[in-house]
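What follows is chain A paired twice: with chain B in the first complex and chain C in the second.
Showing the complex of A and B:
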């Protein structure tokens, strides 16, 4: 386990090595949250409620969704694609660790870095500018914490899956981009799932995407009853377990037909 | 007592599936639906073994299958067929346990983390290989001193020169002091001083720890300096496996004579002088150097006598046939026997 923790530390160092990225990141997130706040304010107009969410709840939803994204989001799919395309994966395979586990830990290192140096200060700034309503109920915070850890796992598993497809497709930048758009849309980052038409909601119930953003954001903005929150977290956990299977299958297939590109 | 073999390979084979594109627009459309696949063997049923403590040069032209073999021996690629035992394990099946016992340096690929200081990479590798502090200090202090990389440790890898980086790479591959070391073109693009330092270091660890070293390189001086034994590969087949010395004795017999004359004769006329003897003439027309390849050493003085009698010599050299030339000859012929 030592080596995986050390990897988180290394990732921290790497994030610190590129400070400009860090500052521009904060700016981009602030702009995004601002834009969505004004958009939703316009949509609500004089209405007090849409689909059971008030304006304040909606603002909180948007802010928390983006801040949670800072934690669960990572680029390991693209990193894997580059490593596989350039043949660097050979170096990873001569080390006594699990490549996929190491990638997950790198994603976690990045996530923890952003959570502390990015989401927390960002959230403070946002709460001064926009009418965000924080709850101080420790039970909600606890459920939220469990829920975003599961978000991270689901999102990372999907990234690993996309990354592994590079072994078969050799160039999958299109797939990676498509996956990102699908996740932003279907995870409830741009629009809460309850705003989708009924038939779409029905389909999404059978997809893992809402476990990434919708569930933790709804828990935090008190959009769920306690019962529904527990149920939603259970659903996330089930997805984490289900997704292990295709990853293992694809990975063992990939190793068998591995071609190291570039000599 | 029978010595333990570090590497045992039997009928090892690796095939790649390639496809060829059809020509023209029509062909490109047909390729959309069906492709012409063909199976290309990169490594063709080879067998060899390497004893613990040996230093073996693994040579061959580009595309001969060297890197593919190394990748199978290190557990990266799965063989199509055949048996591999390295350090008593099957590399591909027990990958995580197996790679604890080997060190690998890829000359063309860095295994250090690009953006962080060298010592951070070392620290991570120390954890990865579960090396204790005591072992690390004792072993690595020595490695760091010998390779002279102490002043580089706090620099990020991207700021190092190639020679500095290679020395750090070598140190990184040795953190867990593996009994078996694979070096895939470790001296590519390095200057002479760094090359010498690396060779000396490799000799030293081989003597000190009885480390087995398998080395691929295009630079034959590396092999001459380090290896008693070479395995030569051509198009996926082993065409020579044995001592470097006997290769030289068998193929390196003979000399090359180079003449420059005061008045340049015709090449034909010179060739006529040694008619009936196994002497092959070549002419470098730019410099007007006539060289004679003589396989039999006893013919050297007779050739010189005949040439000196017929023409006035301005300059003359007698050269040994170099290992490089020997190997070029072998590749041109395609086999050793």
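Showing the complex of A and C:
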């Protein structure tokens, strides 16, 4: 266990060394949130509510969705693809730790760094500029914290899955991009799932994506009742467990048919 | 002439490498289509809840999106420099570029060409025709020429902004996350600028002039006379931004000392 915590620490320090670019990053995220805010304000027009969300709730939703993204987002799928293509993975495989676990921990180190140096200051700045409404209810914050950890896990698992496919596809930058696009839409980052037409919501109920962004953002913006929030978090947890299976299967298949290209 | 023949040589090499990983090429085109579909779905879903966006109808917004795709496709085929810092500066690859007999920026453009992105232009034009017919737009004899002019202008705007961002790495060699995120900001030119407040409208027009890649030029074809001035400013802004970016690039190259290993 110690070695994994060390990995989190190392990645955290590595990010800290390059922290200057994060100040510009916050600015750009703020611009990003701002543009969505104006878009939504125009969409709302004179309506006070759409699908049970007010404009203020919607703004809060957009802001928290982007700021949470800084925490759960990572590039480990791309990193894995590079390591596999360059043959570095061969060395990683003979080291005394689980490769997938190591990647997860690196992602976590990155996430924790961004949580403190990006999301928290970013959220403060954004809340000064836009009409974001924080709740000071500790129960909501507690639920949000649990939910955001689960969304990190789901997103990381999907990244691991995408990364592993490099073993079979050799060059999968296209797939990685496609996955990112799909997640942006179906996770609820761009717009809440409840805005989709009913049939689409029906399909998305059976996909893990809404556990990434929609659920934590809805909890934070008070769009869920307490009951619904518990239910949603349970759903996230179930997905975390389900996703372990395809990862293990693909991983053992991949190790068997590993081809090192160059190296 | 030499530049031209280099261009075609690289093009041929590019084709060979792309066809090596044929499956990936298809996935890539597919993922481009997918991301266009996602944006399209976004517009459709949004208009499921409203009929007008600051006075613009659904088909007009779709038309703007279709137009945006064309210069964007041209840009992404030729200016693939979003990872310039990591790929060239941090890894020290830029030293190699400097030993080549052609202009360093042109060399990088050649190396990073991604022609499959041009496919997006096809989608874009198809979308424009689709919404244009629904809107009952008439086509004039000069429209294709104006279109070409605006597309080149828009692509140069994008190219200029991204080359300028790449130039930052000459002065500060820390990894920067600006580039990937700038793609997000670029998307805001796709919506009518009147929905934003004055400050953002100003930024999108004069500082990061992404409005010239989407809404301004598209407004001309939609017959929005009040925007005509801005529409025809598109090629001007494109040329100005691109020229400034090349100037900055040349300054940056002088400043470059080498990094990485």
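As a working rule, the second predicted complex is superposed on the first by the 258 of 263 C-alpha atoms of A that agree within 3 Å, B and C clash if a C-alpha of one lies under 4 Å from a C-alpha of the other, contacts with A are read in each partner's own complex, and residues count from 1 in each chain.
As a working rule, a contact is a pair of C-beta atoms (placed from the backbone, for glycine too) under 8 Å apart; a residue touches a chain by one contact, two chains touch by 3 or more.
Model, not experiment: these values are computed from the prediction.
If you put the two complexes together on chain A, you find that chain B and chain C both fit without a clash.
By the document's definition of touching, neither partner reaches A:46: not chain B, not chain C. A count of residues in chain A touched by chain B and by chain C gives the higher number to C.
In the superposition on chain A, A:35 contacts chain C only, with no contact to chain B. Contact with chain B, but none with chain C, is seen for A:6 once the two complexes are overlaid on the shared chain.
Of the two partner chains, chain B is the only one touched by A:255; chain C is not. Contacts of A:96 after superposition on the shared chain: chain B is touched, whereas chain C is not.
Legend: residue contacts after superposition of the two complexes on their common chain; A:18 is shown touching both chain B and chain C.
Here chain B and chain C sit at a least CA-CA distance of 5 Å once the structures share a frame through chain A.
Applying the stated touch rule to the two superposed structures, the overlap between the chain B and chain C interfaces on chain A comprises residues 18.
Put simply, chain C touches chain A in their complex at residues 21, 23-31, 34-35, 38, 41-42, 45-46, 48-50, 52-54, 172, 174-178, 181-182, 184-185, 187-188, 191, 195-197, 200, 203.
Note for the complex: chain A touches chain B at residues 2-3, 6-7, 10, 13-14, 17-18, 87-88, 90-91, 93-98, 255-256, 258-260, 263.
Of all residues in chain B, those touching chain A in their complex are 16, 67, 71, 74-78, 95-97, 99-100, 102, 104, 106, 108-111, 113, 115-116, 120, 123-124, 127-130, 156.
By the touch criterion given at the top, residues 18, 20-22, 24-25, 28-29, 31-32, 34-35, 38-39, 41-45, 47, 50-51, 169-175, 177-178, 181-182, 184-185, 190-191, 195-197 of chain A touch chain C in their complex.
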